[in-house]
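In the two complexes that follow, chain A is the common piece, with chain B as its partner first and chain C second.
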Partner chain A sequence: MGNKIIITPSLQARLLDLEYHNLDSTKFVEQFKQIYLEETGQLLEGEIQSYNSNKSTYSAISESGYNGTAVYIDTGDSQELFIVSQGSQDTVDWLYNIKAMFAGRSISQALATDKFVDEAKKKFEVSEDVEVTGFSHSLAHNNNTVALLNYDTFDQVYSINGAQTNYYQQYFADRNFQLEVRKNFSISSSKELYEIPPQDLHDFAMEFYGDKAKNIHQTISKDDPLYAVSVVRGFFTLGSITMVDTNPDVPGLRELIADIPDDVIKDFQELAIDFAVASNEGGTNEGVKELIGIDVGAFKDKEGMELAGHIIANYDTMVRALNEKLPPLLDRVQTVTANSNEIFGSLEEAGYITERQKEVTIDHLTRIEKSLIDIEDILKDNVNLRDKLNNPFLGAGNEIVTILRLASNLVEIYMSYKEIEKTGILKRLESIKDSHGLQEMLSSMSDGLKSYIGADMIYTSTKGEPIKVNISAALQMYQKAIPILEAKSTKISNFEKAIKHELDESYKGEKRKVQDEINQMESSPSSYRFLLSKHGFYPTFNKEIKSIRVHEIFYPLEDNDFAEQLEELKKSVESGKLYIEKYRQAIEDLFEEEENVSQLFDLSRRI
Partner chain B sequence: MKGKFIVALIITIFVLGGCAMDNENESKSSSANEAKEFPEVAAFEDEFTRSFLESTETTREGYYSFVSKSNSFKMDFPQDMIINEESHTVEPDDRGEYIYMEYNPEGSKDLYAVRTIQYTNFMTDEANSKKQISNSLDLELEFNEISLNNDQKLQLADFEYDEEISGIAALISNSKNQELQIIADIQCGESTQSDTCTSKKEKEKEKIMEWLETIEFINTEGR
Partner chain C sequence: MPQFTFSVTEQLIPNQDYTDKKKQLRTHVDNMRADDDEFYVLVNNIIVGEDQKGKIIDAMKKETTARKDRDESIYADVTSKISKAVNSFNEQVADIKKQRLSVTYEDKTE
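== the complex of A and B ==
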């Protein structure tokens, strides 16, 4: 094997960020090379191909919900296959997978991961001894790790802020692990699994997967909410772990969560996940809609008759949505309200929320709970009555009472929600999500000279006043400007040729045609006798043309000199090139102690 | 404001007429769950397992008709087995379902046998699926194709995990990318004598073979 590809944590984070942009194959490879150059100072040379799962020849894979890109790099003396995986993309999948993960179950995404890697190997005609490395963020870590543990899909897995593996999930998914657990703990039914002390099962799992864990490498933010919930029973964290404090203003949630009982956490997680996932897609209103099934945003700015009209117009939809969403929501809300002092007290203590936010939220959550119980009772009464009377329509009186009671409770819930929202707590809690993202992780990977804004690499000069330079943008500008200027130069030369052809050549051609005609007339005047017809020429009058003499004057072509304008255009290309080189020089001067800056510019032109 | 609100509601109620709520308790047609009395067997006594069973009538002695929750496959379900609820999953868009079956722990302690079924609708390559089954057991398995009917293929591999545990692994697939990865293991109970253990295991293997042949994909148009 020749030089191995260098993998750094910031390279991983940027590749994963790139994967979320869903680029086409050419663009992905181009950006991959660019990021690799910026991060390692080296040009990734050789044959590089990429293949996205949504282009899979097996429609079954693209429809499996798996999203990832395979990148095959053949440098001539070494070959490597990288798989950059996303978690699932759409809300439904996210919701399903997160829930399934907490419950410790579904592994079908891990199966799909293995199938995609198998397909990519065949597509690139990769031999079995080529190393396969998986990069993953969030849920994809769970998929990749399960695929590595159960199917030996990867040789190495590198992850950032990953959703951890769960030993209950593994008990059902990995038969080898299951059989060993059964023998080791002498259990003879799956129910006994939950009677094994969690710590014992955790330790057994860590030991069982010890060898494979050597190939797992994780970078985790202390502030990542997924890290916080991995303290819950069932999860085990495998591999070498690098912890990073991405938000030094707060201590992270893990210790707070460790003090709260498992079942409370589970309910709170589900509430938070429903809310977070939906609000990620469509803002806070969407988040609340996901929880209670009703679009509270539509209530906004409505009062009196308008509000009543809205409730009436949507009565049927609301009742159906409530009927479906209410029972599980109520269960979860009740667990949270029963423990609200503990949950919100801890959040306040840790500086995530203020005292006022805590008090208002606890007060209004209790009111929401009361309204939800009322709504549940109303719906039950209504359904029971229908059953009893065996009639789908209970009569106006009953329906009026039902609507009135429902409407007043919905308004109460909405008012409470508005009060909670007014305190700004939702926005503050939403910021916790940022600690799960790749950009906060990248921001924390600054080291003196280097930092990140978004996924772009920034250099900060140390001479005099600090000046920040977006190196990613500078290199891309340099790399793209030269071809653009060259294209411009070609266009100018084409233009010059066009002028010559369209004006000078055409003028000469036309002149030649006229001259030929003159010559023709002068050399055979008799053939132009027909011209006399308009002067009364008839056959009986024997007249003829003996000679034609043309006194021609050809005016020269004017305003056909574009030399000056062409010169200006050519100069603009030159000054463009000069500007780009000066720009490069200025950046190099700023970072003259960094030898590689100059090299970066040179190499970037070879991407 | 409140007065107007109520008047508006009263007027509208007549327009709304019989707008009805969904009655969640709508009765289901001829499901086994409707029967007042269930057969006194483990599969029916366990409420979760019962929800998979179609009828209280046996399909043949000791077996009841089972349909998966994803409505993707059916089989004859052994009366003395139950399905683990915690591990059961059905995924959106018919992508997958996981079933974990075991003998009723309240019953005989002679054998501990588990059958797991992983259904997916995104099978790509047979060799890869067989590799996944082998890797899950950490064994090199040799599969033999034993039957071919109705576009459905059944491939089997006997395995000896160690001195205690043996079993049968199976892959059932069709041309619509549907697959079932099945692992059925057998382990003798602690109280079972080693001489009777072998014969019990053999008998269980026969049962597994019979059961495997009853598994069928449900062909749905447009799948």
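== the complex of A and C ==
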């Protein structure tokens, strides 16, 4: 079936940005149509439905951390299914990143992607020949390509700043690939996999998946940190690639990352594999236990005396486990601290940080390194002493000294972190994060007339002084202002009713109450004997009230006429409608050479 | 037995404070204002940056300011009118609750 829906790079970027707003179904479709109109100048007509993964009944989808929206478009002539998927958003995603892309030991989000597409097809009753297109950012690119390579989930995948496919991950996910790797590199176990020269494995994977790569289309920023990271072992970049320099002020981090020796990356990868294997078997707590030796899950739901009791009962085991597990972990951290001159020197040279930020950071990382070595020594001393005394408890004095020494080092580390933070380096490095985002990518997609601020489309008038007009906002104003004015009209009517209710009808009600009392007095005068004493007609025992006559006077209610104010409010609504048209005309005058501006306004009201 | 009549002004039912009606009515004004705010948020996002100049931009900015001022003045007038109307309502209801009446009684001792 022909792809009749226009997909431009900026439409992709804005669609992916929209997905991060977690809108409800109606709002998502409305915004999608709006973006489509702005980007293509055409109205997306037909039946459009959306379905978000958070509505899925499959626990495999929610538990994996996958987030995405399926959009089914039936124009009458053609049908298409779009799957718009989010990148990393929370801890679940980041833990998945370590397990899936660094260790290569999980594809649960790719499985969830496939399951979600299947669920969406059933929900929309989509036939098998309908084209399924995946749009992805960041982690979602890995999910979509893994789903495409292993399950043919998508016909096409379009990605921006994606986390690349990983050949270690594919080795465990794709049996055919595994068999071919084993045959080609003569390996008999998965342990040997990590010993194959990464470049050889990379080239093999590129060739193996060459055919399917034709359906993958990527736009990548040269400044995206994920692009930089994709140079390390594991990642292979599939599909047609459009490179964009989204931050011309800096060169990007790829060269810096490429300079890291492969054995250092391999060291970190081993940690990630240990974590992934343990957490795949026993959950995240088991993964953390594998890294630091302590079962953090056992602390959960314990507090006060129960927590203290748990720590005392397991103290010896915990200290020994920490002593065993921390050194290899700290060795990896020390790889960073020991190379801080090179790392931060390169960042300064590339313009990411200032000289002062570099100096303060290196100084404090050296201090942090010293504290980490101290922590290692303190634990070692403590365990040695236990072994020597052959006693799991060294006595309160010794234990308190150990705890105080550990605490003092932790405080030192925290203080150093605060000093580094004070230089503003973390904020400065935000620009690296921005280069991974969709908005910087959108900004780079500007031409003479069109540019972007956030995800909004901006037109710049070149008549005289350049004037920037937010076309997205203008169309939204034109589209939504009438319903807002109509809502105001309803509120004016409600106000009018409230005046009648609170004043006119309420006054009538009060009058009725008074009249009821008058009737009561006139019909049962004897019940009002108290009037005699109240007005001094003593003694009262020998008097009887025979009649009461009330000379009632009820003036009509005054000051309740709001006619003038209501008239003014109604006029304001009417003049609002004229004002909107005037505004439209003013914008059209600014862009009179752009024929489509007028059309955009017209079409925006048909969304 | 002789009958006598006296006339007095009497509070027929107890007074009540209706000031709360101001709040009830002003809520409607606040709701209308909320619509205006939403309207102006849409309008104010259109021109990028406060410092942009140009004949068309200046004209629209002027028109927007004039419109906002006019709307504000209508709301101020409505609010003041609500206050006056409810104060007057309070006084007028208090007035009708007091009426002049003639009481005729019989003195059994004479």
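Going forward, the second predicted complex is superposed on the first by the 400 of 607 C-alpha atoms of A that agree within 3 Å, B and C clash if a C-alpha of one lies under 4 Å from a C-alpha of the other, contacts with A are read in each partner's own complex, and residues count from 1 in each chain.
We take it that a residue touches a chain if its C-beta (ideal position, glycine included) is under 8 Å from a C-beta of that chain, and two chains touch if they have at least 3 such contacts.
Here the structure is a predicted model, which means the values were calculated and not measured.
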Practice problem: Identify the partner contact of A:N176: answer first if only chain B is touched, second if only chain C is, both if each is, neither if none is. | Solution: first
Exercise. Could you say whether A:F562 touches chain B, chain C, both of them, or neither, answering first, second, both or neither?
Key: second
Exercise. Return first, second, both or neither, reflecting whether A:D331 touches chain B, chain C, both chains, or no partner chain.
Key: neither
Practice problem: Pick one for A:E207: touches chain B only (first), chain C only (second), both, or neither. | Solution: neither
Exercise. Examine A:E47 and indicate which partner it touches, taking first as chain B and second as chain C; both and neither are also allowed.
Key: neither
Quiz item: Which residues of chain A touch chain C in the complex?
Solution: 453, 456, 458, 461, 464-465, 467-470, 473-474, 476-477, 480-481, 484-485, 487-488, 491-492, 494-495, 498-499, 502-503, 506-507, 510-511, 513-514, 517-518, 521, 525, 528, 531-532, 535, 537, 542-555, 557-560, 562, 565, 568-569, 572, 575-576, 579, 582-583, 586-587, 589-590
Practice problem: Show which residues of chain C lie in contact with chain A when the two form their complex. | Solution: 3, 6, 8, 10, 12-13, 18, 21, 24-25, 28-29, 31-32, 35-36, 38-39, 42-43, 45-49, 52-54, 56-57, 59-60, 63-64, 67, 70-71, 74, 77-78, 81, 84-86, 88-89, 92-93, 95-97, 99-109
Quiz item: Mind pulling up the chain A residues that touch chain B in the complex?
Solution: 58-61, 63-65, 92-93, 96, 100, 103-108, 111-112, 114-115, 118-119, 122, 150-152, 168, 172-176, 178-179, 182-183, 186, 188-192, 194, 303-305, 307-309, 312, 315-316, 319-320, 323-324, 379, 382-383, 386-387, 392-393, 396, 399-400, 403-404, 407
Quiz prompt | chain A-touching residues of chain B, taken from the complex the two chains share | solution = 1, 4-6, 8-10, 12-14, 16-25, 84, 86-89, 91-93, 95-96, 98, 100, 102, 105, 109, 112, 114, 116, 118, 120-125, 128, 131-132, 135-138, 161, 164-165, 177, 183, 185, 187, 189-190
